[in-house]
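In order of appearance the chains are A, B, C, D, E and F, and numbering begins at 1 in each one.
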Amino acid sequence: MPVINVKMTHEDGGATKEQKEKLSKGITELFAQIFNRGASSAVVIIEEVSTDNYSVGGKSITQIRNEEKKQTSI
Amino acid sequence: MPVINVKMTHEDGGATKEQKEKLSKGITELFAQIFNRGASSAVVIIEEVSTDNYSVGGKSITQIRNEEKKQTSI
Amino acid sequence: MPVINVKMTHEDGGATKEQKEKLSKGITELFAQIFNRGASSAVVIIEEVSTDNYSVGGKSITQIRNEEKKQTSI
Amino acid sequence: MPVINVKMTHEDGGATKEQKEKLSKGITELFAQIFNRGASSAVVIIEEVSTDNYSVGGKSITQIRNEEKKQTSI
Amino acid sequence: MPVINVKMTHEDGGATKEQKEKLSKGITELFAQIFNRGASSAVVIIEEVSTDNYSVGGKSITQIRNEEKKQTSI
Amino acid sequence: MPVINVKMTHEDGGATKEQKEKLSKGITELFAQIFNRGASSAVVIIEEVSTDNYSVGGKSITQIRNEEKKQTSI
């Protein structure tokens, strides 16, 4: 019964149902394999956060993505 | 001034305002009664999460609810 | 299967086992009663945090408790 | 690489992009200045929560704001 | 740069360094594989919580483990 | 009454009381200045996590610090 919380940016239309199922299933299996418990009880909660509300090194991901695009298009 | 964070699935149209008030009030009173503090300062934050983003034992709640419905309708 | 996380200050030797059991049980029953689910699956996690690491209005609880004591002893 | 999570109420149309950038940048700079690390790697995540889902002292912020308005308009 | 927070009970002397490295590495690789980002920036934070402070269905894990032992020893 | 949670690694003997007070006070003032609320009610909770339990890009901070030391000593 571990609780795993994933916070990630909402990008490109958001994570698909399939991606989220893969992630939850994969984390649960990984945990159960390493610790020998949690296989049927691990809780995984995925939260997608706007790139405006998520920053790294003081820059929002919105801003970081914009700078990446500019560099790519040069 | 404890901080209580509730993460729950968003189901059946979501928790009503009344349900959320009951929960916040109830948790605050319970805490204050047990620990003799927090009655006027406890913070309760309720987060409702899509059933696609919430999994138990590697299965999303969406999937679990679907399986429950099938069993019921047999 | 809601997940409830309680963050509270570690004071007066810390919450006792009995207090923590009361809190977890109480929150679980309250949730189940209001939402009609979670009775056997709600997860409650209690985290006790040093009063040095917990602040309200920019003042640590350590500092706030010290000021309260001074006022009481006048 | 500290992770800072800000939970705040969504009020008056929500925090603007500029306010959120200021907050993330400010917290990151403050952390880096005090601890001499994290300047390029601190993660700041801002979550805006409905005033219906956020309570202090057992009262939702929705309710608290309503009471404040009544008092002001007397 | 997703942030993954794992809350688990502290049992049997706690998770070993090797187990924690496996978990962090595994979750990071899984995320990167599914979403094609985060390989070098995902943050994984593991928190081990006393079984007294962790409850499922209103019962602490301490209590649940004790009941399991009794059943096994019958 | 925003709630700000800071998770950081416990390094070099841990953050001092003064550093933690500076951080809590600074974040609270910053928030109040930007949003014009929270000055007396913002909650800041600082959690220091073992470098064994904190990883970036699949490597624990313990490991990352060790590699940094090796590079410096060449």
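Going forward, contacts are C-beta pairs under 8 Å (C-beta built on N, C-alpha and C of every residue); 3 or more make two chains touch, one makes a residue touch a chain.
Owing to the predicted nature of the structure, the values given are computational and were not obtained by experimental measurement.
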Inset, instruction - Moving only to chains each one touches, count the minimum steps from subunit C until you reach subunit F. - result: 1
Inset, instruction - Between D-E and A-D, flag the pair that has more C-beta pairs in contact. - result: A-D
Inset, instruction - Would you indicate which option in E-F, D-E or A-E repeats the interface seen between C-F, with over half of the contact pairs matching by residue number? - result: E-F
Inset, instruction - In steps of 5 degrees, what rotation angle do you get fitting subunit A onto subunit B on the CA atoms? - result: 120
Inset, instruction - Using mean C-alpha positions as chain centres, tell me how far subunit B is from subunit C in Å, no decimals. - result: 17
Inset, instruction - Return the distance between the CA-based centres of subunit A and subunit F, expressed in whole Å. - result: 21
Inset, instruction - Measure off the straight-line distance from the CA centroid of subunit B to the CA centroid of subunit F, and report it in whole Å. - result: 29
Inset, instruction - Please list all residues of subunit D that touch 2 or more other chains. - result: 1, 3, 5, 7, 41, 43, 45, 54, 56
Inset, instruction - Could you run through all the chain pairs that touch each other? - result: A-B, A-C, A-D, A-E, B-C, B-D, B-F, C-E, C-F, D-E, D-F, E-F
Legend entry - Sites on subunit E touched by subunit F in the complex: 5, 17, 20-21, 24-25, 28-29, 39-48
Inset, instruction - Under the touch definition given earlier, write down the residues of subunit E that touch subunit D in their complex. - result: 1, 3, 43, 45
Inset, instruction - Please give the residue numbers of subunit F that touch subunit D in the complex, ascending. - result: 1-9, 15, 19, 22-23, 26-27, 30-31, 34-35, 38, 41, 54, 56, 61
Inset, instruction - Flag every residue of subunit E that touches subunit C in the complex, lowest number first. - result: 7, 49, 52-60, 62-63
